[in-house]
Structure formats: structure tokens, C-alpha cells
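Next come two complexes built around chain A: one with chain B, the other with chain C.
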Partner chain A sequence: MKKKIATILLLAIISLQVYNIYAIQRFPKPEFESGHTQPPTVTPDPRAQALDILDTFVLVAALSVVTWLVIKKRSRKGVFWMSVFAVLYFGFFREGCICSVGSLQNITLALFNPEYSIPLTAIAFFILPIVYTLFFGRTFCAGVCPLGTLQDIFALKPMSIKTWLEKVLGIIPFIYLGLAILYAATSTDFIICRYDPFVGFFRFDATFMMFSIGGVLLLTGIFIARPYCRFLCPYGALLNLVSRFSKKHITITPTECIQCRLCEDSCPFEAIDKPVLLKEKEERPIAVRRFLMYTIIIPVLILIGGYTGSQFHENLASVNTKVRLANELLNETNYGETEQEAFEITAFKAAGQSKEELYNEVAAIIKKFYIGGWILGGFIGLVFGLTLVSLTIFKYREDYTPNKGTCLSCARCVDYCPVLPEVKTELQ
Partner chain B sequence: MNRRQFISSIGRGTIFTGLAALSGVLIYRKSKITEPCNFDFVCRDCRKLNSCKQPEAVIFKRNKNKKSA
Partner chain C sequence: MKQKITIGFLLVILIGVIVVMWQDFYKSKNKSQKNPYEYNIDKLKNIDPELIHYKEVLQLNPDINELISIDIDDNDNIYVTGAGKVITYRTNGTVSQSFEIDSTAYSIDVSNNGNIYLGMLNHIEVYDRTGNLKSRWKTLNENVITTSIATTENSVFVADAGNKIVYHYDLEGNLRNEIGKKDTLKGVPGFIIPSPHFDLLIGNLGRLWVVNPGIHAFENYDFDGNLISSWERTSMQLEGFSGCCNPSNIAILSNGSFVTSEKGLERVKVHSPSGDFKSVVAGPDIFEEGTKGIDLAVDSKDRIYVLDPVKKLVRIFEKK
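Moving on, here comes the complex of A and B:
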């Protein structure tokens, strides 16, 4: 039976590929008289509009099914099979584009550049997982995100890492988030997509460097579960924050915890908060004093971070193609070939734009990066400050509970709980 | 409802409102954008232009005729 379902599923996915034939190129590819052949694109071909709509429906359906499996059915097996489906559909079939992680940049670009017409699919792929997270926790990470689920399949021998190291590495996604927003807001680049370590696997066209990074991450993932999700993913950083406010979140035990400690080491992501003994609670005045001190430090950290970020604005701006071109023009770059100017310079001269116009544009871009550098640095300072403050907050717990922020709702822990759910009898 | 739940529901409401506003703004902006054709050069330099039935090519040919007239 299972084999039949798998075959039907596979055939359905293959048959959907045929539909792409109806996708129309908005502009026909030009033919060059010089014999120039167009290089292959790194992004997938445009999809038919109907497929875009279908993708959104599949996303809603997948989110709903995984949420039901996690919250109601409490089935790890179900979540695992949904993960396989997500890798096949959102990964290999859709070639990982548009994904929710990358859509963050489309949203930023649309906010900062009014001329950019954002696809509705990008809005849906950004908003829907956040809405589900807001109500049910990170069920998107559990079994819908193709990047996460691919790593999940590789988490075979997860080991625990030190709490301090986890905290320090946990800051990286916020820095990555800030950088991604800065580069998208300045219309410079979509760095999340450019440096996506797994999308090359889905498209079978990874460069050697990205293939190596993806491979290393997958191999690391055997021992340190989901390294990209935990220590790099910028969308995961957003979901981490949103999930803290979730209305219904997965619980380890269906009723009351009996403190059997069976689930204690069950989470490969170390997202289970252990009970805290009341005697461990420090004296209130000391805790309050420390909390206030760290809170006062936050604005100082923001200022230091902002100033430091602004000092690096030229380095940050050097990624921008126009800034690079201006640098090449100023330095008369020839890339090692004497008396042969760079192709970029030749193309610029042929386009007919004056150098002054370009330099004025570049000055405006660098100014944006100066302001962006202040904001990015300030944001990183804020993250450091809040991390410090969070270490001072004492949370009294009697039971083993999933940490709402870091828990990926994979439902592994529920299999370890011996407590059976209450069965409603007819009398009740 | 205890204090923690109260703060949580306030946060949830704020985020949800923010997301709704964000979606609204993006969809409104999208509906207002009339996409100008920034790819004229594709049609201009294309050898298949005369026989092309693509909407962009039709518009390009119409504009070209207007200019020449």
C-alpha cells in the first residue's frame, strides 16, 4: 500500500513537470549575429502562473498537515514522511525557488524599492509560515522547509554541544539576517540565494564551492543536527522570535509530566528546557540589579555597534556592482591582461553613460550603505545586548518543556514520553 | 490568564497586525505599479521581431510605428 502511494505521488510530481511546457518566456531570447551564445541561467526557468498558484496551495496544505501531525496526532513518523515530500516537491520539483528563506529579500526589496513588482507567491511564501508559527510554533521548519528537512534526514548521530557555544553561534543568523536585509534594501544582491548551500543540490548545478559548503554542512549535520537552521538561517532567526508568542505549541507530554526524564536527551537540537529547582533561584535584589545593569548597557552596545558598522560601509558597499564598476574605472582594471581593459569597462563605455553620472550614482549608494552600516551595527549591538539580558532572566519550571524559540517542532521527543493521552469516554 | 500569557497574546496580536499591514501595503503597491518595459533593447535587437507575436513585441512595434509616423 505504502509503495503504491509513493508511486502515485512520484507520478503526480512528474506529471506536474509537463505543465511547465505552458510557461511562456516573457521575452523571447534574442539571437546574436556575432555568434555569441547565451550562458545558462543559474535560476530556474519561469513557471506557469497556474503552477505558482498550485505552489501556494501546496504550501498551505503542507503547513496544515504538518501542524495537524505535530499538535494533534503527535506523530514523528508522519512529520518524517512530510519532510520527504517537502524535499521532493519544494526542493527537487520546484528547484528551491521561491523559498520562504529567500522571500525575505523580495519583501525587503519591495519595501525599499517601490518600482519592484513583487510576485504574490513571494508574499505568500514569506507571510504564511510566519502566521502558522505565530499560532502553532515552528511547524514550517519541522516538515515543510526543504533546506531544513534535507538536513533533518542526515541527523543520524546527533551530539550535544556546550550551551555557551550554542548561544554564541545563535547570534550568527541575526547578523546574516541584517546583512541580507541591507543588501536587498540597497538593491545590491540577494545574498541568501547566492550563498544557499543546498539549492545547488536541488538544481543539480552547484558550483564546486557551494557543493563543498553544502556537503560539509550535511556531513556536519550527521553529528550536529541541522547546522544551517540553527546557526545560519536568517528566516529561522525570525521564526525563533515569532514562535515565542505562539498560541499552541507542541508539548512533550500529552497530559501531565511524570518527571521520568526519558525525554531529557531526546532532542537533537537541545531545545528542551529542563526543570529548575526553586532553591537554584538567586536572591531577587541581586537578579534585578544585574538585569537593570545589562538593560542600561544595551543602548551603549547599540551605539558601539552602529559606529563600528558605519566605519565598514565602504567595505560593505564594495559588493554592489556599480560601486565595483566605479572602482574598476578609477583603477583602470585590466585583470592581468595588459592593454586589455575589463569587459565591464568596455560594456560601460558602449552603454553611453558618462563617468560623472556613474560616480554620482555610486556616491548615493555609498551614502545608503553608511546609514545601513549604522542600522546594521546597531541591530547587532541590540542582539548582543538582548542575549546578555536573556541570560539574567530566571524562569522557574517544574516540567520538561520544549523551548518555544529554538524548538523545531520535529516531534522526536513525543515518542520518548510514556504518558498516554487522555481518552475521552462516553460518560465524560 | 496570567501575566506571561497576557504579554504573549499582546505580542501575538501586534505581530499579526504587523503582518496583515505588511501584506496589505505590498499588495496595494503591486496593484499600483504599471510595469514599464525596461527591456526594449531585447525587441530592438531581435531578428525575429517582424514575425513575433509576443505581447511585448506587439507593443514595441506599435510604439515604433507611432514614433516613425
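Moving on, here comes the complex of A and C:
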């Protein structure tokens, strides 16, 4: 009996689905001059939560496997195949979203805008690579990040560039990071996503400009390995800082360096620090004098940077759509349109907000940019100062070691090292 | 040396990429973004002159502040109404009489026995030929918006855009039944009326025709409310009707063809009894942009009377 009732209830529930058959279109479909036929309206289901969890699971698994391959197995081949997997899964299958690089904007927006509800996946994609980097170095960059791994596959004939140039260009990601945070914090734009050069490839829908930029970066990457990671990626800049504190970072040699110099030119990212002999160390008074000078210079650079940034706050704010709208209304420039009213202005009028309300809102936004300009400028000044210090500071080093900040843990160098753990055991 | 040149060249390109991104973000927004969803119907306003089979022969200029509705009686007298007044014209265009009414009439119908039925906002007023008020019917529902009236020997049909229904009254104002209520078992789709443009008329076979403007359909009912037949034509082109609610007004020719008027794309056309496009009476060029509620009437010689509420004219068209 119970079974029969259950069956009837089930059939009743299923029959409710038939109701949709009787639905009629509320308004007729429009016609297009091009002959395009409007596809039937469908409401896509939200992405299943299980798939979000799967993404996070795949991220953790990929990070763990790559870290194991880098730190334990020291397998370049393994890292390469993980790179291919990352391009296929996080790139083409997940279409580059969600990605850890862009997630820092979600985090920033969530911190500064309480109305924004951040997905847990975004938090996971932001934090997990940082945690792994803190312990094991930039293994995320090595074989999980689809942007980095795509370039890595293209790094066919890498050439070396001068250290000073590497350092100077290496400042750009920090500026980009600062700008990305500023624009996300002010709810202006997600510039990392806007100028993601490879997401258009993954989705097969790149605009001509982004296709060109992505293409140029990939072609350049044949000779200058991973140009986006080294000279643009803002998340890489963050990982660069975190990785410096990593405890279990990849080493070129598994045991003791025998100074064979085979690995000297093996890194396509110029991330191997060469030995610095004690005799090259400068005299103590000179070092002390330099230390004192930097102690003064860095705060001065921060102040100059902060002041300069604050002076450009209106320029920085000009890309905010509300600021732009207020400017156009105030100056009656109509977005450069001469023939008809710009549709942004038409939309503003239709929304019913008064100009005074808009101007007040914009004044608050510009104030945020003023404060943001100080912080951004100060941050850039700090980066300049620290870069200057790192160029001149003396670090005693006996062996060839990966630079924990810039090393992408790709494990190319380990293949060049003739020292094997087994060999060491035999020698002992 | 060669390597240095290559690297130098590539670095310049890299910096170029950064400059392009910078330019794009900060400099390239001088122009307004084009609205990709702009609703531009200018091209559709051009009508092939070959398709215009009518010419304007006369214009009447009624002295009514808000000109709304028109009807023609069996003797081809023309009745127009609107805010506070009803004016009657003879066939030659001279005024035969006028009388004042308390408020605005949104629709008018002159019955065979000469009574003048006025659809006020939420009630019906009945006048005799000379303009004496005979009766006033209260409607039963709330939120009534009367948009059209049609009469037969024994019935009065009133279109209510507010409740999306047609009321069937007897001549004394007693409600007989309601027509057009959604009934899937009887195949009645229900009227979809996004704006207060909801017209009806009595066809040549004595049946009721009602416009279902939300789906661009004509629906034919018997007086008991059974749906007999229907046709619909949705098209931005002349072959059909477009927008949220068209045709806004209709009339019928002696051969059973329908005269239709539209808003949004202001045009008056003739469709065959089965709905096929036949010809154009008046194109958008003769109306002010945004003209709505172009009421229609037809006399015994199939002359088409077009009420232009913006220019406050009655425009009379004859076949070329």
C-alpha cells in the first residue's frame, strides 16, 4: 500500500514537469536584419556546488602532486605533464575561471565591499597556492597555474637577460598588483581579468587586441621564458614575497653541491643565485654606511611614491564608470558623441538619480582614490627601495641555489645536477 | 651579438604590450561605447510606395482637447470624442452637432438604433442621437480601463484592458458573460495586454473579433465566449505586427478585410480576413514619432478614417 502511495506521489511530482509544455512565450521573438534566429530562451542551471568542490579538490590534488614531484621526486618530466594537465583542466575545461591570479581581486573586493559575497571557491583558490608556497615554494607556478604552464610549454629556446634588467622589469608585477588591488578595492574594475592574455585562448573568444597580446607573449615566451609570469603577473608578485619564507624549497642539488657549474645556465628564468665568495665582501665601514643610507632612502622613496600617487588620484579614478559619468555630465562632453546623446547618459537619466547624488557619490569614490593613491605610491616606492637594496646587498653564498623569490620550481635545473642521493650514500 | 639583438627586440615588444594595455585602459575611452542593444527601427519606416494603395483625401480638425476615439454610423455620419465632448460630422465633413460630456470618453460606438455608447474610464454612458444621457452603467470589476465598445442589435461588448477581459452586456447594461478569460481546456489563450490598447469589433458575419495585442493575434469569438478561430502575425516587416502590443486599433472593410493601426512603428495597413498583408494605408512618415492610439473607422464606401491623436486630426483615406 505504502509503495503504491509512494508511486502515485512520484508520478504526481513528475507530471508537474509537463506543465512547462503549456508555457507560451510572453512576447514574440524579435527579428534580426542579419537573418539571425533567436535561440529558444533557456535558464541555465547554476553550476553545481559539487563541481565547485571538485575544482577545489583538483586544485589541492594538483598542488600536492606537483609539490611531491618537485620536492620529493625531483622530476622535471612529471612537472611537465602536470603542466599539460593544468592547461587542459584549469585552462580549456574550466576556461581559465576561477583562477588564483584573478582571485586576489575577489578577496580584495570582499574585504572592502561588505555587499560582495565571495564564493568559497575563490577563497580556496587564493589561499591554497599561498599556503603551499609558504611551505614548498612556487610549485603552483610550476605546474598548476594554467597561465604559467601554457607559457612554459612554449619556452623552447630560452635566452638569458641581464640581472639588472630582470630586476627592473620585475618591478612591473608589483605595480600591477598595487593597481589591481586599488581598482578592486574601489569596486572599479577587475583589471587582471580584463587583461588576462590567455583566457581568450582557453575560451576561444579572444578580442583581436587580447589575441594579439596573448600571441605576442607566447611568441616572446619562446625566447624569454614565461614573460607574463616574470614581468606582469600580480599573483606571482605575491607568491614571490611569500616564497622567500618557504622552508622546504626545491634545491638544485639533492645533497652537497660539487661546484660542477653544470646548472649555471640551466634556468630559463634567471632564478639561480650563483656563489658569492667571501673575498668579494666589502669592508665593514662601507657596508654600515650603505645600510644607514638605505635606512634613510627607503622611507624617503615611500613618501615620494605616496605623494606622487596621491597627486595622480584623479587620473587613477578617471576609469571608474561613475567618475567618468560625472565628468561627462559636468563638462557636458557627452562621451565625445556629437550626433546623439550617449547611451550612458540616457541610462543615467532613466535611472532617476539626481546629478547631486551622483556627484556626492563620486566625491566619496575620489576620496578613496586619494587614500589609495598614497598607499599605491608608497608601496611602489617601497618596492623600488627594496629592489635597489637587493641589487647591492652582499649575500655570502657557497653553492648554486635557486632564488626563493623568483624561482618557479619548474625543476629544470635538477636534471642538470649530476649529484644523486644514491651516489652520496655510496660515497659515505 | 645576435642573441642580444633578439632579446632587445623582444623586450621592446614586451614593453609595447604593457604600453598597449595601459593605453587601452586609460586612454581609449574617449568615445561612448555603442549600445549593442539599441532598438533602431528607422529602416523599417521606409515603405515601398508601390505598397501604399490609399491616398489622403480630407482632414477634419475636431475642436477637442484630447482626441481619442472615432466611429461611423450606418448613414456615414462621423462621431469623434475625447476629453469632455462628442462631435458629429456629416459625410462632407461639416459639423452636424456636438454635445458635452462630464469627463473623458476613451471609446465610442454608435448602434444601429442610433444610441451613442461611450466608454468612460470605468463605466459606460449611453446617449441618444441628440446627446441626451439615457443611462450610465457601473462596471462590476475594479481597475477597469475601458478601451473599446462594439454593439449589435441585442448586445454591447466592452473591452477592459485593466482586467484583460471583454464584457458582454445586454442593451440595458446587464452583464451576460465575460469573454476571453484564459481557459486551456477550451483553447482560449487569455488576453495579454501590456499597455492600454485593446480593441474589438463586430465582424461582417456578426461575430466578435478581439485583438490579443501581446501575441499580435486576432481572435474570433461567438457571443457565448467560445473561441471560433484566430490568426496571428508577428513580424517587424509589413507582413505582421511587432512590439509589445500591436495592433493597437482595428476596423473592418466591407469585404471582411481588417484595417489595423500600430504604435511604435506608426503605420496603418490592410490585412485579409485570414491575416495576410494586403496593402498600406498610411506609413510612419505622416505621423509624429511616438503617436499612440491611432483609432480607426470605415464608412459604407470603404473610406478609411484615421484618428491622429497627436496632430488632433481625423484623416480620411480613399483607395487610389
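We adopt the following convention: the second predicted complex is superposed on the first by the 365 of 428 C-alpha atoms of A that agree within 3 Å, B and C clash if a C-alpha of one lies under 4 Å from a C-alpha of the other, contacts with A are read in each partner's own complex, and residues count from 1 in each chain.
Keep this in mind: a residue touches a chain if its C-beta (ideal position, glycine included) is under 8 Å from a C-beta of that chain, and two chains touch if they have at least 3 such contacts.
Since the structure is predicted, the reported quantities are computational estimates derived from the model, not experimental observations.
Engineer: Tell me the contact category for A:318 with respect to chain B and chain C: first, second, both or neither.
Structural biologist: A:318 contacts chain C only, not chain B.
Engineer: Now for A:131: first (chain B), second (chain C), both, or neither, which partner does it touch?
Structural biologist: A:131: touches chain B, not chain C.
Engineer: Please indicate which partner A:245 is in contact with in the superposed arrangement: first for chain B, second for chain C, both, or neither.
Structural biologist: Once the two structures are laid over each other on A, A:245 reaches chain B alone.
Engineer: For A:166, select first, second, both or neither according to whether it touches chain B, chain C, the two together, or no partner.
Structural biologist: So A:166 meets neither chain B nor chain C here.
Engineer: When both complexes are superposed, which of chain B and chain C contacts more residues belonging to chain A?
Structural biologist: C
Engineer: Common interface residues of chain A with chain B and chain C?
Structural biologist: 26-28, 30-31, 33
Engineer: Within the complex, which stretch of chain C touches chain A?
Structural biologist: Per the stated touch rule, the residues are 3, 6-7, 10-11, 13-14, 16-18, 20-21, 24-26, 29-35, 38, 43, 184, 189, 192, 214-216, 234-237, 242, 244.
Engineer: Provide the residue numbers of chain A that touch chain C in the complex, in ascending order.
Structural biologist: 22, 24, 26-31, 33, 159, 161, 165, 169, 172, 191, 194-195, 209, 213, 216-217, 220, 223-224, 227, 231-232, 315, 318-319, 324, 334-337, 342-344
Engineer: In their complex, what parts of chain B are in touch with chain A?
Structural biologist: Residue positions touching the partner: 8-9, 11-12, 15-16, 19, 22-23, 25-27, 29-30, 33, 35, 39, 42-43, 45-48, 52, 54, 56-57.
Engineer: Under the stated contact criterion, what part of chain A meets chain B in this complex?
Structural biologist: Residues 26-28, 30-31, 33, 107, 110-111, 114-115, 117-118, 120, 123, 127, 130-131, 134-135, 242, 244-247 of chain A touch chain B in their complex.
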